[in-house]
Amino acid sequence: MVESYREAPEISASAWLNTEEPLSLRALRGKVVMVHAFQMLCPACVMQGTPQASAVAECFVDEPLQVIGLHSVFEHHRVMGVEALRVFVHEFRLAFPIAVDQAAENSAVPVTMQKLALRGTPSVVLIDKQGLLRFSHFGRLSDMQLGGMIGQLLAE
Amino acid sequence: MVESYREAPEISASAWLNTEEPLSLRALRGKVVMVHAFQMLCPACVMQGTPQASAVAECFVDEPLQVIGLHSVFEHHRVMGVEALRVFVHEFRLAFPIAVDQAAENSAVPVTMQKLALRGTPSVVLIDKQGLLRFSHFGRLSDMQLGGMIGQLLAE
Amino acid sequence: MVESYREAPEISASAWLNTEEPLSLRALRGKVVMVHAFQMLCPACVMQGTPQASAVAECFVDEPLQVIGLHSVFEHHRVMGVEALRVFVHEFRLAFPIAVDQAAENSAVPVTMQKLALRGTPSVVLIDKQGLLRFSHFGRLSDMQLGGMIGQLLAE
Amino acid sequence: MVESYREAPEISASAWLNTEEPLSLRALRGKVVMVHAFQMLCPACVMQGTPQASAVAECFVDEPLQVIGLHSVFEHHRVMGVEALRVFVHEFRLAFPIAVDQAAENSAVPVTMQKLALRGTPSVVLIDKQGLLRFSHFGRLSDMQLGGMIGQLLAE
């Protein structure tokens, strides 16, 4: 019996930072994609998840891997707008592309966060070279576990 | 030859968090005071200085010591206002009293930061039981060094 | 152009700890093997490499991976004999199988260390499911980098 | 009511490392003394206590403080003799003076460990400038707590 995975939903973004052009998962076929969903005032993001995402981008710089930050604000929207995010990204020296998750019309939870069914921040989503949704995790992951999963997807 | 220290200047605050009444250094005579000057979007503050200030408050909870946070915003003022600070303090579970350093009329550098001649954030200022300014440091301090200095001031 | 790798040389051991039967690389075909070469009184081994080897064993416990410790003593032989090693392994709660690298007749450097051409301790050697020598590294590796390489070999 | 402390018992050593002359607590009056009791194959010593003792010696290098290691072997005596200890001290770059706790005639527990009533390793003992036994702790201490206590004793 073979597991089957669904296609990852496209990222819906109202703005992008650290990239001249918006990224699309479709255009990234052939690469492994790691989405790091975060909020700039979420302690576990700032202290652990976001530095880990930067470490992933550095560690696998020679591999077909794309790290994408996803700023999925679902609380305290007034103080985590795009102007504040730009300061955060500048001060914390984040270098990977970051999508501002698009606000939903009737929910505090933004659109991509809903489509990915994320439970909170930080979350890690791994998408394989075919664009399939292979792994989604809310909370802390060890560097070794995350590295191991990325290595497996890179080798496919 | 005996070193002589000047009296610590009073804190000028436009608001206080985590305390019902504003604190004054004068009223704290008899206690050692540690001022932790920070900005909520300064990485070395968030990653090191602010957790260390919380650790000081916990470690010396039974001693006559008062930790005071001083939110000295000297850049990116628009995204580090008091509403954003309240979210930061709530999310990062900061429990010690925090003064919002009073904006200066003709300078981006707020009033208390000027009076204390701080070079940036994070900074640690230690004030002895007599209210004298004993130590001021910009940047990282080891827990051992900071603990050692606080211990010496407590024993005086 | 395809890279080609040589077969990993067999481990020559004068004793084994934490296993009832000696292990052989030949019998481990089908599994990825990580060899952690160490000395019990080498600081970088004790502080970093050996705990990392234990973490690898735990992290990939459900995968076809075998961690093997290799006690390759090339200095201070008198105080790192097998009796001392047994105490070290017991006190540090090491659970993975450990080979005592066989002393060479005319060299301070033991036999397996010579066959693997290791430069010192700690060293990590990765052997793929076919028994080929894929990676050898002297010194520190990040958990993410090591996890990534193991993940790639597991997926082949 | 004033607490009263007893005089610290003298260290009984069968050998000293990292010092030309044996040290005596009596000759150290006027200095604060920190005794770090350890065993070279005790994980909590090697990973935490011994590096912390080195950090204390560095942090307070300009203060009247003497760090003394005390190798109190109470188990596995055969593999933690003085020859093994010399290798350990050399490899781990320990620079503070170290006493080999004198073996007792009718006990596995060495003499100084008995006199200090230590429960195990690592232990920290703090002796004030008058030679009084002010603090004894078995197990882990935070750098901040230890720094704070040393600071208080230095200021007396």
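Note that the chains take the letters A, B, C and D in the order they are written out, and that residue 1 is the start of every chain.
The rule is short, and it goes like this: a residue touches a chain if its C-beta (ideal position, glycine included) is under 8 Å from a C-beta of that chain, and two chains touch if they have at least 3 such contacts.
Please read these numbers as outputs of a predicted model, since none were measured by experiment.
K.L.:
Chains in contact with chain C and with chain D: which ones?
P.N.:
none
K.L.:
Which chain's centre, taken as the mean of its Cα atoms, is farthest from the centre of chain A?
P.N.:
The most distant chain relative to chain A turns out to be D.
K.L.:
Rounded to a whole Å, what is the gap between the Cα centroids of chain A and chain C?
P.N.:
35
K.L.:
Counting only Cα atoms for the centres, state how far chain A is from chain D in Å.
P.N.:
Result: the chain centres lie 50 Å from each other.
K.L.:
Scan chain B for residues touching two or more other chains and write them down.
P.N.:
none
K.L.:
Among line, ring, star, complete and other, which one matches the pattern of chain touches?
P.N.:
Contact map by chain: ring.
K.L.:
What's the complete list of touching chain pairs for this entry?
P.N.:
Chain pairs that touch: A-B, A-C, B-D, C-D.
K.L.:
Which of the residues in chain B end up touching chain A in this complex?
P.N.:
41-43, 46-47, 76, 78-81, 83-84, 87-88, 91-93
K.L.:
Residues of chain A touching chain C in their complex?
P.N.:
55-56, 59-60, 142-156
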